[in-house]
Structures are given as C-alpha cells and as structure tokens.
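Chain lettering (A, B, C and D) follows the sequence in which the chains are written, and residue indices restart at 1 in each chain.
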Amino acid sequence: MNTKPFEQYESEVRSYCRHFPTVFVKAKGAEFTDENGEKYVDFFCGAGAVNYGHNNDYIKSKLIDYLSADGILHALDMYTVPKREFIETFENKILKPRGYDYKIQFCGPTGTNANEAALKLARKVTGRQNVFAMMGAFHGMTLGSLALTTDMSSRAGAGVPLHDVTHIPAPYMFPELDTIAYMERLITDDHSGIEKPAALFIETIQAEGGIMVMSEDWLRRCREFCDKYGIVLVCDDIQVGCCRSGEFFSFERAGIKPDIVTMSKSIGGYGMPMAIALIDPKLDIWKPGEHNGTFRGNQLSFVAAKAGLEYMLEHNVEAETKRKGEIVKGYIEKEILTLDSRLELRGRGLIWGIDFEAFGDDELSERVIDACFKNKLVIEGAGRKNSVVKLMPPLVIEDELLLKGLEILKKSIVECL
Amino acid sequence: MNTKPFEQYESEVRSYCRHFPTVFVKAKGAEFTDENGEKYVDFFCGAGAVNYGHNNDYIKSKLIDYLSADGILHALDMYTVPKREFIETFENKILKPRGYDYKIQFCGPTGTNANEAALKLARKVTGRQNVFAMMGAFHGMTLGSLALTTDMSSRAGAGVPLHDVTHIPAPYMFPELDTIAYMERLITDDHSGIEKPAALFIETIQAEGGIMVMSEDWLRRCREFCDKYGIVLVCDDIQVGCCRSGEFFSFERAGIKPDIVTMSKSIGGYGMPMAIALIDPKLDIWKPGEHNGTFRGNQLSFVAAKAGLEYMLEHNVEAETKRKGEIVKGYIEKEILTLDSRLELRGRGLIWGIDFEAFGDDELSERVIDACFKNKLVIEGAGRKNSVVKLMPPLVIEDELLLKGLEILKKSIVECL
Amino acid sequence: MNTKPFEQYESEVRSYCRHFPTVFVKAKGAEFTDENGEKYVDFFCGAGAVNYGHNNDYIKSKLIDYLSADGILHALDMYTVPKREFIETFENKILKPRGYDYKIQFCGPTGTNANEAALKLARKVTGRQNVFAMMGAFHGMTLGSLALTTDMSSRAGAGVPLHDVTHIPAPYMFPELDTIAYMERLITDDHSGIEKPAALFIETIQAEGGIMVMSEDWLRRCREFCDKYGIVLVCDDIQVGCCRSGEFFSFERAGIKPDIVTMSKSIGGYGMPMAIALIDPKLDIWKPGEHNGTFRGNQLSFVAAKAGLEYMLEHNVEAETKRKGEIVKGYIEKEILTLDSRLELRGRGLIWGIDFEAFGDDELSERVIDACFKNKLVIEGAGRKNSVVKLMPPLVIEDELLLKGLEILKKSIVECL
Amino acid sequence: MNTKPFEQYESEVRSYCRHFPTVFVKAKGAEFTDENGEKYVDFFCGAGAVNYGHNNDYIKSKLIDYLSADGILHALDMYTVPKREFIETFENKILKPRGYDYKIQFCGPTGTNANEAALKLARKVTGRQNVFAMMGAFHGMTLGSLALTTDMSSRAGAGVPLHDVTHIPAPYMFPELDTIAYMERLITDDHSGIEKPAALFIETIQAEGGIMVMSEDWLRRCREFCDKYGIVLVCDDIQVGCCRSGEFFSFERAGIKPDIVTMSKSIGGYGMPMAIALIDPKLDIWKPGEHNGTFRGNQLSFVAAKAGLEYMLEHNVEAETKRKGEIVKGYIEKEILTLDSRLELRGRGLIWGIDFEAFGDDELSERVIDACFKNKLVIEGAGRKNSVVKLMPPLVIEDELLLKGLEILKKSIVECL
C-alpha cells in the first residue's frame, strides 16, 4: 500500500490518517474497504457527515442522474432548480411539520462558515459585540468561530488573542453553580465587568467537549434567558443535528426554537460539502451579499441534501436512531461498564462516549482507539485530554454490524485494560 | 418561472440572483440555460470557479465513474486513493515542471479557509501577530480573512473591530509612493508604530479590487522584501490562479515563489468545493489537526480536481487563455474604448475590467450589468464603488461565443451611455 | 458664593461637586471649611488620599521647609535626596519590620498608572497576555486598568472593547462556588477557553465594589493558587493600604506577600500626587525607561510621603485605626442597623459600608448622602447601583468628631427612611 | 555620595539617573546643584515640566503662603477657591485674548491621562473606534495612549497587541507623499480597509520623534481635513505647549483651533503634577465622573499653575522664548553645524535638536550626552535610534547661562567627533 505521496507531499497538519494508517478505497453504509480489501466497521461516520450511510444508493442515483443530465453545477447564490427543490423539501417536510418558520441562509460549505454567519448576524441585529459561549464548546476553526471554541490546542493555533467572547461554565463543570443564574448575574450586576452579549451559542450535546448532554430543563432555561434579555440564541446543530440525537433537530426534545440554527455535515446528505444557517425571519436583516462565499451554491449538494431528507423520512431514521441507541446503551452498560467501575458512559440517540478519564492515564483512550483500528473498527476520541472514546456510527447501520462494532470495541478495551 | 420559494424562504443575504432574476437549469461550457429554455453567455464563470467550463464532459465522466463504483466519498484527512492520485498529479504535472516543491494542505473547501490556514501558519512560524495586506485586497469573509479584506461593506459586517492587520497602499493608489520602500520604512523605522509582520498577503491581480494588475517588478520586489526581513509571502491565487491570468499560477510571470499559495475556486475542476494551501516545506511546522474541517476530504473534489488538471494540460489551456485574452483586449480597445474616452481597460489573460469610474455616475456600471443580462450575457461588477464591469469567461469558451459575449457587452454599454 | 466659573468653564465630567455644592477653602484634620465659614465633618477622606488628616501639621512643616530651602522639585527619575530618604524610610521602617523585600518603582502619580505598570510587568515576566481580575474590582480609568475595572459606566466610557482580561466571580457573589477551585479549573481544563493568566489582580477589600471584605482564607488561597501555577499576584492597595484596613498593608492580616503591590492615594502623605509599585526583586526585569512618566519624580511628594510614614509610626495610626473602627462598628450596629432590618453593614479598620440595596430603592443611598451634606457631613456612595454609603474618615479623626459624624449620618438616615 | 539605596531598592526601570549619575539637592532657574556642591546647566527642563524655571521664586512664595494658610490641599473635583482662580486666570488671561472658548477638564495629573481622556471623548462624540495618529508620535505610556505612541521599545512593553489606531506617515517621512491627501484617500476609498477615525492626534512639533516641526500649512490642512469629515482634531501640547515653541499654544502659529488640546508638564507651573484637557464646548458631552482620578484636584498645582501663568505674562516669556531661540539657532549654525556637514539642526522657539543620524554611529549621540554631563550640562536624547541631542532649557534661562550651556555642548561634541 502506497502511503508515500502523503508522507512526502501532504502537510504535517494531516491527523486522522495517523490513527488509521491505511488507504481507503470504497465505503458503503457503515463499512470502509481499504486498498488491501480489508473491511472496517465505521463508528466514526465522517465526524457526523454521513448519517445516512456512506454512498447511500438512493442519494447516489439522484447525483448520477443530475450529473448525467448536465444540471447546472456551480451557481453561487443564483436561482436554480435544485436549490428551489431543496428549499421546498426542507420547508415542507422538515420545518413546517415541526412548527418552525426559519429562513435559510446558504453559507460557504463548512460548519465554521455557518457559525461565522451566525456571529455576524447576531452582532448586527443587536449592535453588541460580546458573545457568550459554553466551556467545552467546539464551533469551528476560522478566527470568529475559533474564539467560541474552547479547546486549548485549537485556540493556540490562532496566533493572535481571541476576543469578544465570554466563556460560561458548562452546567456539568460546577454542579453547585446554576449556570443560568450565573449568566443572568453577569448581565444584571453593574460590576461584573461582562458586557451583555449579542448571542448565546449552545450545543445540546457537546460532542468535541466529551459527549456532554445538556438537560431539557437547561435548554429551556437558556431559551427563557435569551428571551428575557433580548439575546440571540444560536444552536450549533452541526454535529448532533440531522437525527443524530434521535430527533432531526437535537433541540426538539426540549421543545424550544433557537433564533439561529447552524447545520452542516450530514445536511449534505452524502458527505457533500454544505452548510446552512436557519434564521428566525425577524432577524433576517442581512444586506445582499453581506456574508458570502463562492461555493455557497454547489448544486450537487442541494441534490444530495434533498435526497438525504427524503431517504431519512422514508426510512424512519429518527425512530431507528432511538432504537439503535438503546442497543448501544444496553450493550455498553452490560458488557463494557462492568469491566471496570472507572468507566463512564454518556450519550443519547446514536452518539455515545465512554470516558476513561478516571483511570488517570492520558494515553489509555488513545490505545483503545488504536486497538480498535487493528481489530477493524474505525472510531475516534473526544473530550478533555481526548479521554473519551466516541461512538458515532452511521444512523443506518445494520443491527448486525452495530453489534460487531460493539464487540470489537469491548475486545479492544479488554486488551488495553 | 417559480422564484417564490427563494423570496419567501431564502435569506435576504442572497445577492447574485438579484441581478440575474431567472431560474437556471443547465450549464455547459460557457453557456447557461434557464427554466424557460433561454440561453445566456457566461462572462462570470462562477466567480472563477469553473475555468475549465461548466459541466466539462471529461471531468463529468470521471465523477460519474467514481460515484458509480462506490468510491469512498467522505474521508476527512484519512488516506484515500483519489487524494493520492490528486497529490501525485499535482506534484508531478504542475509543481515539478515549474520547479516548485510545495507541500499541500487540504483545507475546509472555501477560499477563506485556506487564507485562515495561511494566517495561522505564518503567525506560528514567525511568532509575530501583525500581518501586512494590500488596500484593495479581498481574501475572504470569515473573521481572520475578513481582517485582510478591505472593502468597507464586507468589513462592516464583522460587527467587531478587525485587528492585527496593517493595510499597505496598493502601488496604483499613490503612484508617487514606492510601496516597497514604504513597507521597508515601516519595519525599520523604530518610530513607525507598526509591528513587523508575520506575513505579506498579495494578489497578483486584485480582482475584487477592480482588476488591478501588479507589475512583475513589484511582485519581485515583494519577494525580495520578504526574504530580506524574514516575512512569509502569501499569494492568494484563489481567483486568478488555475490559468486565469495566462499561466497556471498567476505569479509565474514574475518568476517568484511565494512561501504559501492559497487556491480554491477552479482547483476543484468542476465547480466542486475544494481549497488548498501550498506550503514551502520549511514552513510546514503544523501540529496534526491544528487546523482542520470536516469537508477537507471530499473525494469527489479530488477526482474532479485531478481530471481538471489533466484536461487543462491536454487542451493547452494556458496558451489558449493568452490567445483569447488578446481577442478580448483587441475587441475592447477597438470597439468599446472608442465609444467614450472616459472608459478604462485593465486586465491580463482572461480577466479584464472596464472601469466606468470616470463617468462619476455610481449606478452606470450596474445599469450596464443589468442591460447585459437582458441581452443574455451574465457578467458582474467589481472594484471601488463597484464601478468596474468584470469580464471573466470560462477559459475554454469557444471563440464564437466569446465574440458573441463581447458584442452583447458593447451593445449594452451603448444602450447605457 | 461664586460657582459660576465652574459651571461655565469646567467640563461636565466634574462629579463630586454635584453632591457637595459649595466652595471649599480650608481643610484641617477631618474637617472642611467652605467659603461661608461653614464646617463639615469629612467621612470621605479624598477617596482615601488623606489618611493622616488634611493639612497634617507635621508633614506641612516639612513641605514648607523643603520649599523654602529650594530643594529640587522636579527631577523625573534622577537621583535626589528626598527620593533617597523616602526609599530608606520605606525600606527600613515599613518593609523590613514586616519581612518584605520589595523593590520600588516610582510611577506617574496616579493609581491607574501603577496598575498599568503592574500589568505590563506581569505580562513581560510571564510572556502571557490574559489577566484575571475580580468582578466588583476597580483598578483605574486608563485603558489597561479600565479593562480590569468592572463597573459598567466606567467601562462604557472606553469607547472600544476592553480585552485581555478574564473576570472571575468574587467570592461573595456565588457563595456556593469555590472561586479558587473555579480559577484552577479554568486553567487546568483544556476545554475552558480561558488562557492561563499572567497575573491575578486582587483588592483585599473591594471599596468601589461596595466595601466587600475578602476573607484571610481566600487571600491565602489566592497566594497558593498563584504559587502553584506561576501566576503573578498583584494586590491593588491603593484605597485600602496605608493603614486604612487596620494594618499598613491591607494584606498583612492574611500573612501573605503579593508579588506586586500598587499604592497611591495616602502614600503621598498629604494628598500629594504619588504612586508606586512594590515589586518582588525576582520580577524586576524592567528595561530602563520601559514604563515612565514626567511626574514620577515629584520631590514634594517624596518629602510628604516620608513625613507621612514618620507621623503614622509616631502616632500608632494602625492601632488607632483598629480602635476607632470598633467605635464605628459599635455605633452603627447599635444606633443605625436597629433602625431597619434591611440595612447591612460591612467593613474593617476605618472603611465601612452601610448597604441600602435591600430597600429596592435605587435613589435611597443618594438621598442619604445629600441629607448628610445638608447636615454638614461629607460622605460618598459606592458599590452596585451605588447603594452603599461608604464611611471613610481620615484615620486621625478625633473621637469626638467621629461621633459627631456618626450622629449626623444616623440623623440623615432617619430623615430619609 | 550615596547612591546605594537607589541601586538596591529602586526598580531597574529607572533611566535618567543612568545618564546623570549624581544625587541632586537643589535647583534654581536653569541650574542644578548636586550633593557635592557641583552646579549643572539644565538643557533638559524636566522634559519640559519647568518652563518657568526650577523653583521660581514668585510661584514658590504663592505655594508657601497657601500651605501656611492651611488652604485645602486635596479635593478631587469638588469646588475650591484655587481651582476657581486657576479657571478664571486661564480663561481670562490665556484663552479669551486668543479667541478660544475651551472648557477645561482636570485629569489625573499625568499627560497620558489627559490623552486617555481625549481618546475616550473623541470616541464617545463620534461613536467611532479607530483613531489616526502620526508615525513619530509620543502620547504616553498607559494602554490607550501607548496605542498612539510609535516608538517600538515603549510599544513592546505593552505585552499585548495595541489596537484601534491607524498610524499615518509623518509628512517628513515620505516627502513625495501628500499625507493629507493620503488620509483623505483612506477614508473615501471604499477599499482601503481603514475605518474612518474618531480623531486625528497631532503634535505640532514631534519632540520624542526627533524635534520634527510640522509646517503651518500642514497644520491648517489637518484642521480642514478634520472639519470636512467630522473628525475630532486633538493637539497634544504637553511637551511643546506653555510657550515652549514661542507661543503659549504651539498651534497658534498656524491660526488653528484644535477640538481638544491636552496639556501637562509646565501647566503645573513649578513642576507640580497637573494635566488638563481643553475641550470645544460642543464636544463636552461627558457624563459626570465618566473619566476621573483621585489627584485631579491637587490644589497646590492649581496655585502653582495660576502663579505660573501670571509670571509668564508678566515676564513676556513668549517673546523671550523667541529671542533666545534665535540665540540658540545662531550659535549652533555658526559654531556647531560648521564642525561637520553631517550634523542637522531642527527646532523652533526653545526646543532644538541636533541630529547625528547621518554619522551612522548609533552610539554617537549617547556619547555626546555623557560628555555634556561630565562637562556639567544636563541634556537628553530623542528621536529615531535616539540620534538627536535635544536642547530644551527652561524658558527663563539667563542669556549667560544659555551661552555657557551652548559652549559646553560644542566642546562636548568636539570631544566626541
């Protein structure tokens, strides 16, 4: 297997390949095949980008049809048929049934770009500069989003101080502290030193933060806090949206409507680059072109995105995600947590984390991940000191493959303990 | 034609559709077709993203083949066959023949993301925070790149002050001022108040700045200036690279090698989202994952990118671009500039701007653009007060269609004068 | 009484005169005399600048002698006899007996300048940019110190965002939160988003914050926290130093040694402008002139400062302060708190605050202050919403005058309730 | 002579004492006396703080009288008799005869504090954040003023990036560049990347920048530029005001009225700490206390300041300054410039600089300064690489002493060449 061109010519910034030192050729559903013909179960899911499975046949056929018919491919934000069809499908099949009335902004096709758009718009709407973000958050790597992001190594890469964001302790960090009351005190105490924010950015589940699930009550109180003080509530649903947590939008379980929702990853249906911001119509005061990007109109992504939504609805992916989530939870509780009392499990839907932090061995989770790969399971780490092994299979994974992955995981943990 | 879903559900931020109020269905080469079956000549070229033509048949066949064979589609920065093949093609067919030895960083697939990467790396390498960028520059819309970008309306969208960049007068702004000597004075005068920069960002042709072509001499002196003071020279070749200016890299004409080159738009071959940073190996001190993004490994883009390079080489696109550039220049000089002495022409290769600024009528260029559209030519504005009409057809445009477009342009200008 | 020149020519920024609308002529000890010959008891003490009494006779005679002898008056940081004598007195009579070994930096003669010096030095020593400051803190009004200061109206005056400071909840704000553990978590959690600070700025008693007294235990834990993580502990002793809290340095009660101590106000002995930073010798890595200011060498201030220290020692001001503090506390507890259960008392030494916040009437404390003035007591407010009436008489006030002041205060409160 | 206490206990930040290694005891007029009884001619003048001479007898008597009578000494911004008298004198004797109608803000008694006040007010009045300052400028060492200041070593001391200021080339830096047109282009070109400023800060003579005298024409064009674009013109007259340049305000020669004038140094008459901002009444929109400081009401400074103005008027200091300036100029041109053609002279009134830069020997000016001191002349350096020897005697220096100083200077230069 020839990995030399990567080692010689690809920048040292490459990272996943270091954990998965093979060359992949094909992918289907929840399985990869490498150049040697070896198959791997996928519990990584393109960091959440292929919820409906690798190379989903339904979506694939739509893409090939569109390409074959010479449908317009690149169009910036001109009007096109695929964009219209995506909009109609998203509004009619996703938003309306849930009672939401968002307008859609098509952003440069990276999650960070959607968060940069949300930042700009919240500041424009409120005329304020400060923004609240949670400790443990990950919102992207460009300078605006990076200021929201909390992990130290990402922040250090900025090379300049990151300003205009106040980080709020996540509710799990200091259980004795009511974080909503804390935020309220910050902006009502005339001696806090903290400027009232334009926005509060939240994730309902901090994925990179270590699969930290926010409670419904806390989410509702965030909504009330923002309503009370005229603050824009932004929910970053980039990783845990698109059914990952069990519902299409991860905040549905709390019965709330954020003012802005950012989506990327699986919104592109087939792993196609795409990012959108859903905007409460009252906030849509953008001037034309005030935020833009050349690839905000990649028609192939619109085709895949629409097909992805159709597939998701047709195959009851929400319900299936919940059902499979119970399988994962049950298996881990019975077969893995029982291995050692220091193991901790957190998660929801089909995103789960097994935390090895209590072992006090910073390398343990890394060794588990490497053992998994040797045993033909692709899985990654997350969280503080990367101590969490994150299970995030495609939502459409077959039960059999899911169990196979879980068994490999168990075996690998046993090997490492 | 149904544009209602856009008006009702798409954010007010949409912009090009306002100049081109139709719904596009197909595109081929240098022509669009809308839902009514009307055809339009394309002098816009996806803002430079489809240099090898819309829906180029050669690239298309590679995409369909890859999709049909279930080649892995989404892979972050894992090793894959398409990435390997792209790397090998790019190194062997593009870089080596030109004597360059860059390493390649695959960035989130937007030009702004590549510039954010270049910013981070230059700051990391030098340990400095300040960066020099030229007045008239456009480098993107996320907060790091936006600090480099100079147009006021884009900057105003930030909602926060943009720091850590010193803007240098472009050489055309104050002809009496030697801008290289100016920069040198800034960093050698111990009372300039300007911190020595990590990097100097340049475009060889400022496209958004109004098709302002930098001289070879100036480009060489930038290189010498950076060498002399240990400053990273970053060339943003996102819009004018990929043969647009007549050579694959726009800086080749000056015989220089920037330390970092950022590319996007047409590097994706088929209008596919893709962005890369080419890095002098000495500077490649990234830590794994220090800059990342979910779609930095879109395999379809690698397939299209490789096919695009092959097509470009096979069809002598560089030479063809120069040849067609002469046609454009000759036509405009003879047929258009003669219409009014206030018209000014600037450009190179197949990027040209006709400047209406001297008319003192801020709406004139807009009217020309609207007239063009009515006459079935898609073309956009650029530059100060948007006073420049920018001609940027696909490089593979047939001579006939090129002339047709030029005639429509002439006719539209005549209508507006 | 002619106040017209002030109203006509002095900027609207003037403030105290609005509460005390008379023209003062003389001052002695703890009494003012206005142009009408009316006398006022002083519970304000020049915001802490005349601890040893207005126009203290001992100091006065030294000043007149020095002036009469044509001692050099202005000398920047050249060597002079008065500076040498101040240094020797301060080192031998103040520092050595307490076991401290600080070096002295003479700053521009404002407290804010000393804090700017401390900020610069802490950042220089550690190479870090972020700084921790407490919510409720006041450290000055120039842009560096203002970033530390927390009151909203002062901050709003900046006109630019204030950066590079993380504000930490004061221990009284969220009693359930261990603020030392909180700070520790911020810098050890790799996902807090908070950069490790160069310094922690504290006041042992937040005066402007509302006479909030930090516990000895908390102060000691701040010292341990800074030791553990290599953070510079800066104690701003500008208002509560010089015996105000009962000991010369307010932090003595906790048995700690901050790395930098900033002093101003009463260090000038006679209300003379002066400010110093006391620096742990290990941190004294300043380059000559790296922080400077024209009036850092006002010799009259050195003369007054030395005489002030001599007077203070001779008259047992520390012990007297404690004794009088008990008088104040006893009187208020017995005569004032008994007036209404909503009244709250806080303080130490001769700085006390009566908090009217629980009345929910934002104007009440202001009315009390105005009533006091009518009854010939000069006193000011502090704290959140300015709800605290702050008692801060000169430390040398006679018992009789102290009681007179307290009686006026009681009477005025009774009038307002 | 005992300098040990300084070396042992004073911070390494001390600087002038390193050039003048003696201990000063007395000062009178333009002469110092050290502990050994040696006398030194003063061409340094407390960096401009004792224009009316050291220990001026007229002012001294007023100070002693005031102290003896127990006049109130410290009063913050309460109304007092000395402040009223200063205001009346300044308005009636200085401002009205010149046709100015400024209001007076009393700032913390350092020049930098007055500039911080001006910064805040200009930003408040305009609602803008950016500020223009000139390369070569010195405006102070606290973080707001330091962002305006240009010398690298001062800026490096900040320890954080200094933001919100655009530095404009001084007119002498690029003679071919019209700096007023340059500023105009920056704010009218919609692609300059430079935000329209709240204020333009100028010095009419850059003292620290190397005795660079701005032309009357340039000053007038600054005024017109600010008028045209609604920008606040701030003139920092801290070093060259109070008659230093020949007129009381240094900008009088250009016939302009800045919107804000900052003064310190000699405004305190006797070397007493004091600083004021003169504000066009239309701009005086401060809220009470929005900028403050404990020593903004040092009554002894008001007494000295008033007496200083009286002395200045009584003794025709403006005319005398001009007359003596001619002596200095004539002497240097005839006796010193003739020594070597590489010497350059610049100046006005009684501030002159001899520039040694053309010698290409960075230490030469330092050696001259040290030789002067050995020959009993106190004088300091300024400008780029400190290559300028700055002559700034007290304005009241006797002709004889002036000549003596000039002769020492010549002799010292001869020794060093």
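Structural remarks
Methods note: contacts are C-beta pairs under 8 Å (C-beta built on N, C-alpha and C of every residue); 3 or more make two chains touch, one makes a residue touch a chain.
Keep in mind it's a predicted model, so treat the numbers as computed, not measured.
Taking A-B and A-C together, the chain pair joined by more C-beta contacts is A-B. Compared with chain B, the chain whose C-alpha mean position is the greatest distance off is C. Inter-chain spacing, taken between the CA centroids of chain A and chain D, is 58 Å. Separating the centre of chain A from that of chain C, both taken as means of CA atoms, is a distance of 50 Å.
Distance between chain A and chain B, defined via averaged C-alpha coordinates, is recorded as 30 Å. Contact of a single residue of chain B with at least two other chains is seen at positions 129, 153, 160-161, 163-164.
Across the complex, chain D meets chain B through its residues 129-130, 133, 135-137, 148-153, 155, 161, 163-165, 167, 169, 173-174, 176-177, 182, 185, 189-195, 209-210, 383-385.
On chain A, the positions that touch chain D within their shared complex are 160-161. Of all residues in chain A, only 2-3, 5-6, 9-18, 20-28, 32, 35, 46-50, 54-55, 60, 63-64, 67-81, 83-84, 87-88, 91, 103-106, 108-113, 116-117, 119-120, 122-124, 129, 140-145, 147, 153-154, 157-160, 163-164, 198, 264-265, 268, 270-273, 277, 279, 284-295, 298, 300-301 touch chain B in the complex they form.
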